[in-house]
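Before I ask anything, here is the structure I am working with.
So that you can tell them apart, the chains are marked A, B, C, D and E in the order they are listed, and the count of residues begins at 1 in each.
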Amino acid sequence: MNFLDPRILGEGWNHFLNSLGLSSGWIVLINGLVVTLILLGLGLTSVLFAVWLERKVAARVQDRLGPNRVGPYGLVQTVADALKLLTKEDITPDNAERISYNLAPGLAVFAVLMLLVVIPFGPGLVGADIDVGVLYIVAMGSVGIMAILMAGWSSNNKYALLGGFRAVAQLLSYEIPMILAMSVPVLFAGTMKMGELVERQAGFRWFGVVMPAAFFLYFLAALAENERTPFDLLEADSEIVAGYHIEYSAMKFAWFFLAFFLNTLILSAIATTLFLGGWRGPFVEQVPILGIFYFLAKSFVLVFAFMWIRATFPRLRIDQMMAFAWKVMVPTGLVLVLVAAVFAKLPVAPVVRDGLLFLVNIIILLVVAGFVGRHLRLQITRLSEA
Amino acid sequence: MVPLSWYLTVAALLFVLGLYGVLSRRNAVAILMGVELMLNAVNINLIAFWRYTRPDNVAGLVFAIIVLTVAAAEAAVGLALFIALYRLRETVNVDEIDLLKG
Amino acid sequence: MFDTSTFIRLLPELILLVTALVVIFVDLYARRRTALGLLPGLSIVGLALSFLAVFAQWGTREVVAQTLAADTFAAFFKMVAAVAVILVVLASVRYMRARTRYVGEFYAFLLVATLAVYIAVSARDLITLYLGLETLSIVSYVLTGFLRDDKRSNEAAIKYFLYGAVASAIMLYGFSLLYGVTGTTDLQEIARRLLNGDVLVNMEWLAWPAIVLVTVGFAFKASLVPFHQWAPDAYEGAPTPVTMFLSTVSKATGFAVMARMFLVAMPALQSSWTALLYGLAVLTMTLGNLIALRQTSVKRMLAYSSIAHAGFILMGLVAVTTALGQPFNGLDGVLMYVVAYAFTNAGAFAVVAAVEDGTGGATLDHFAGLVGRAPFLAAAMLIFLLSLAGVPPLAGFAAKLFVFAPVVRQEYYVLAVVALINAVLAAGYYLKVVKQMFFVEEPERAPFAVARSMRWALWLMIIAVFGVGIFMNWFAFMASQGAAGMLGL
Amino acid sequence: MVLKVVFLLISLFTVGSAFMVVTHRNLFSSALFLVASFFGVAALYVLLEATFLAVAQVLIYVGAIATLIVFAIMLTRGMMSGRTSPRNDQAVWAGLSSVVLGLVLLYVVVYRVRWPVVEKPVPPDTIERLGSALVGPYVIPFEIASVLLLAALIGAVLIAREREI
Amino acid sequence: MAFFDRWVLTIILFWPLLASIWVLMLPKEKEDQIRRVSIWMSVVPLVLSALLFVDYGARFLPRGGGIHYDVQVTWIPQLRASYHIGADALSVPLIFLTALLTTLSLYYSARVIKHRVKEYFFLFLLLETGMFGVFMALDLVLFYVFWEVGLVPMFFLIGIWGHENRMYASLKFFLYTLVGSVAMLLAFLALYFHAGTFDIVQLAEKRPFADDIFKASLVFFGIFLGLAIKVPSWPFHTWLPDAHTEAPTAGSVILAGILLKLGAYGFLRILLPILPTAFAYWGFLMVILGVISIVYGAFVCMAQTDLKRLIAYSSVSHMGYVMLGLGAAGVALSGKVVPLSPDSAALAMDGAMLQMFNHGIITGALFFLVGILYERAHTRDLTAFGGLSGKLPYYYGIFMVAGFASLGLPGLAGFWSEFFVFRGAFDIVRVWAAIGVIGVVVTAGYILWRIVANVFLGEFNEERWGDKLWDMEGYEKATLWPLVLIMFILGLYPTPLVNFFNQAAVELLTKAGFMFH
């Protein structure tokens, strides 16, 4: 079964390149290109699938059929749509700020694609397992915000600008609970390397299971980061007609579209890595290639959850959304980080520790839920009185 | 390996460009951008010195991190001031704020 | 490395930090009326406790947490800062209440600024030093622009901010060069490696750029010409209590770090920095005074005067001798001047604040006939102005004595003559204010009252101004101990 | 050799962007060039084997500072139309003095001073060292930095907040 | 006696300060009480200083003078500066003069000053402490402190209660004096660094810079500037006419009577003992400045139409005598000119000191007289008057006494001092003394021709003055009689005072290294 271990495959590949008599510089270059191509291919294919899935899920929730004409179960529908988009006329508004207008979509995709580099798809299957992987993810996230700002500004459109503003407000706000949630496993594992984070979740001691509250926090923040309902205010059609990408059409719109779905996938992938044990699963030790399937499976479960929520929930009001980030999620995140820091140093057996941690997490979840619930009830009473 | 002086040259150029921006711009935000360039130059210096003279002592890196942090705090306060200024006066051009003179 | 003794050494800083947090929380949760009464009291208690904590440790000379120096030099400045900030708080009670809702934040910021001063004056490491200075600066920007709906306050803050950001960037570049050449951020270590010439060839080529760049940052904090342009605007536009703070504590900090930086880290380059500071001192006092002569706003006049005084303080550093045990070594002059000046200038600005409160402005015209309208204020202002002019037996005289002395000792004749001319120039515009207050009579203008806390503050400062002048010996003793106790020398 | 070429490309990109930052008429474009320049600097850090700093550079400079700047530019957009000259009346002097300062710096820093360069590899545990340094010898700066950030946060909110009625 | 010796100076020194604080505490509406308190309080130092005069004369003068009643308490140990006060044959008479003039001024002011009474008396008493302090200080820091303390109240006295141009005059007065005093401070510091102490007695023993005439001169001129501005010697005199003219009457009296003496006193107390070489080296310069002051001052008087300004310029001229006397002593000290009699140096100095005292009395009286006239006429224009001798005979009489004393009529105080100065100076700097005599002649000219002829003789302008001018009242007589009496006493029997000053002069010159054969 060794040939199914990607690590050995990689060694073989390197061996093959060496046997061709290439210098080490070239090998690095070729490997880089190959990895890039693989990641790109994987990413883009997944997007095609994800778009189809989204439409199907939404249709099912809304009691429709969804795409079903092009290809089996409409599977090729997305390809057709993409082709349509690519062939449409590319419009640039007259007063647009050309450079940033044209750069923004590319940058948006670039920011997300860059994240693929650090995600471990399977044992040893990672583009570059850098020391500061988690930090890198956070850093790249801010580049995405930049792209949205550029788009919003350069379109020279009121709605686009408003969308841009909202984007910054929302994305920056939710980045903080997200970072806090991400730092919980980091603290616990004592590393920022994505690969090692997965290693530390051996034996079903997934961080998401041990610390459900952190996972939940991350998930909520990811929803917002991905501009998904109920946090899709920056493109809310009914308010600001699609927000920052209102002026974009054809190819450039496709870029944003791509970035959006890629983001969904990658946020799920990160969640999988950090909280759901990454590629870990039964028999992975024996059949490493299984890791990829486990990884994709877990990720798509999360993606499905994203879609489900999108199709189900109504949109929040902007003040509610901001209040939720700053008054609920940030404090909760801080508490969680504190708890994790304390428990990571607790001198007890791992099992006991994990059990305690789980309990504490559940308590925190309940308390927060209780607070939010009480607040909501109060508001409702106040509304009904008024 | 790239010689240290190359890095220092880049840093010096960034520094001087930043300074030029600071001295020549009218817009407060643009001045702030110049300052950020200067701070970047400083950080290049620090990290280059760290790498080339004492890679086993992290003082240079710590310094650079602190500079980053301070830069963020400074930018936050500065931009808040600019926004307040714009609200009060509808301008962020430095040579148009001249209530205080003498 | 973090044992109990470290915490005890850090007690003054910790007290300030805790007080700041308490102030914020009280402000959040207490009723507004209670808070208004409580907050200044809390701040003063915290500052006083912190002062006591510093005082209790007077005489120590050791390294705390590797990057701080718990020495008498730092302790001296800390005590000055604590006392001065207490006065600022007293002077701001009514002033700030009338102008902003965010009183709690104001006091918290003052406390954090004091904390930054504590850190900066005791830093013995480039990183800590920079961070202390920068924290002080950033908090000062906020304090300056605290009255955000007031165009002047905002403008002052922006000018302060822009100059400050640039100056600190330039200073940092100098720091980075120092770090590069010595490979360390520890001041003493830097001094050692600079003295060991073998570290690098051509060090003398670096001396000037490094010193000039580094000095820019300090000169900005201490508002030395030509890095002073922010000062008059910031002083005039800032809320007057903040001006008190900027012109005393903040400025003193500039001198403290300058002294430590040059004396501890760069004794090897003394001839270079002395020459630079010499020029700066001459420029600073002359220009400051000449421009002050033309002012019609008392606040602005005091601003320029405080620039000029920075030049006087600088004389102490120019003429510093490394024999820090002896009196009149220059450094003790800096310390004396800082104390005297803190009380005096804070007092003068406090009177300005009170006059602003009572008359709505602070131009010379608002001071006309003050003696008939608020005799206490007029008398207090007179005392402060005379002290600024260096008339004995007030604090300013003690200060002048201690900075003139080293200059005479080093036989810097030109500097002495320049200082002489400047002393007279300065007296010229101080007397202008005195003239307005006492010689001009405005019987038709109504008298006005002074807030009680302000009265307290003024009395304290008057007593202090006389005290420093008459019991010069005690302060000189502290100053010489402070100077001699600088860690690393 | 490859490194040198890469270095030159990156520096050219960085300095070029910086040049555009200070000369471009349109402030928003200036800000974008600033971002580019920040990226270039981050790349230089990677060349210097300071990965953490490179990431931090992107995170803080691009993610926080540049975003703030762009945000501020958008909020004050009435002024960005570029109708008036972006330069003040002392631009020529600024240019001259900058050039002079640059020449002096380059002459002294690059040409005159012999820096105490040692050829040593970066220890593999640099990040651990950095972490322990921040809570070890440099704990005071670290803590003060946190105080500073909190103060700046409150201060910025206080100042930029909408006016109450 | 021990108690007296130890405490008398301190009590004299701080009594007025206490009085001023008392005044400060009184509510400002109770003007009469303020006046009473000030006057009676000021009598105490007057009595004590008179006692001091008698006591010193009886106990110490016969036994070779010297500094007595000294108190030394450490003040700034690091700098070896102390609260060191004491009095010798030179300062005892001057302390008495100060107390006397202050009491008279307060008494006179009590009737005249009706505006901002409290502040006035407060400042006046503060001023007295400052003046006492200068005459007593034996420590340079202390000396400087009191020197400056005297400055501020006078600034206010001129600025608040002065005449039309008071603001300009007060500012000019303050700034001029400040220039000098800061220069003096720098020079003091140089002395300190050379000798390691601020104590005047010790410094006189150590003779700093005795072997380095360049640095000695530098220090000398630092101090000289401060003192010469105060004296004031030509060319530093320009503040004086303005200040004197604009000051209120009592202010002018004190200014001319005592503050000018502070400068001359400094020459004797500091420059001569501590820097004898430089003093000798630059003695000739002082002679020249003195003679220029005498002649220039006198001629300018001739051109005045403002009565008060005239008296003010006469002060420049009269203080020139002091400078001439001191300079002559200095020249003798240098040994470049060998006088026929070694006593000439002491004589010149005697004359200078006598002149200090006499000028205080005489000019004080003259300023009172001018003030009295101004109170009635509200003008100081000489030409506006005429024929007052008939209308105000009493006033005329007193004025004539003071005027003749001023021009040095034998039988009155002024004669002796001029006589001594010229007698001493002739032997040492003959030509310059001779030129100086021109000044004496011109003095007679302006007293008789400008003042007497214009104001008292001629025709009375009935139309303008009618019954607006009346003769002296009781309090005015009471103010002036003591001064007039002293003029007569000193004119007829100057011996006691000359004894004092001669003792001081001999002492100072001996210590400075002058050889009496």
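Criterion: contacts are C-beta pairs under 8 Å (C-beta built on N, C-alpha and C of every residue); 3 or more make two chains touch, one makes a residue touch a chain.
In this text the structure is predicted, and so the values were computed from the model without any measurement.
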Keeping to the contact definition above, tell me which chains border both chain C and chain E. none
Most centrally placed chain, judged by C-alpha centres: C
Taking each chain's C-alpha mean as its centre, the one farthest from chain E: A
Between B-C and A-D, the pair with more C-beta contacts: B-C
Name the chain whose C-alpha centroid is farthest from the C-alpha centroid of chain C. A
Report the inter-centroid distance (CA atoms only) between chain A and chain B in whole Å. 33
Any idea how many Å lie between the Cα centroids of chain B and chain D? 6
From the mean C-alpha coordinate of chain A to that of chain C, what's the distance rounded to whole Å? 51
Whole-angstrom distance, CA centroid of chain D to CA centroid of chain E, is 70
Indicate the residues of chain A shared as contacts by at least two other chains. none
For chain C, write out the residues touching at least two other chains, lowest number first. 127, 131, 134, 138, 141-142, 145, 148-149, 157, 177, 180, 183
Out of chain B, which residues touch more than one other chain, so two or more? 15, 18-19, 22, 32, 34, 48-49, 53-54, 59, 62, 66, 70, 73-74, 77, 81-82, 84, 94
Pairwise touch list, complete, is A-D, B-C, B-D, C-D, C-E
Going by the contact rule at the top, pick out the chain B residues touching chain D in the complex. 1-2, 4-10, 12-27, 29-30, 32-34, 36-37, 40, 43-44, 47-56, 58-59, 61-62, 64-66, 68-77, 79-84, 86-87, 90-95
Can you check the complex and tell me which residues of chain C touch chain B? 126-127, 130-131, 134, 138, 141-142, 145, 148-149, 151-152, 154-159, 161-162, 165-166, 168-170, 172-173, 175-177, 179-180, 183-185, 232-233, 236-237, 294-297, 300
Under the definition above, what is the set of chain D residues touching chain A in their complex? 2, 26, 28-29, 32, 35, 51-52, 55-56, 58-59, 62-64, 66-67, 70-71, 73-74, 127
Taking the touch rule as given, give the residues of chain D at its contact with chain C in the complex, in rising order. 104-105, 108-109, 112-116, 136-141, 144-145, 147-148, 151-152, 154-156, 158-159, 161, 163-164
Note which residues of chain A are touching chain D in the complex, please. 25, 97, 99-100, 103, 130-132, 135-136, 138-143, 145-146, 149-150, 152-154, 161, 164-165, 168, 172
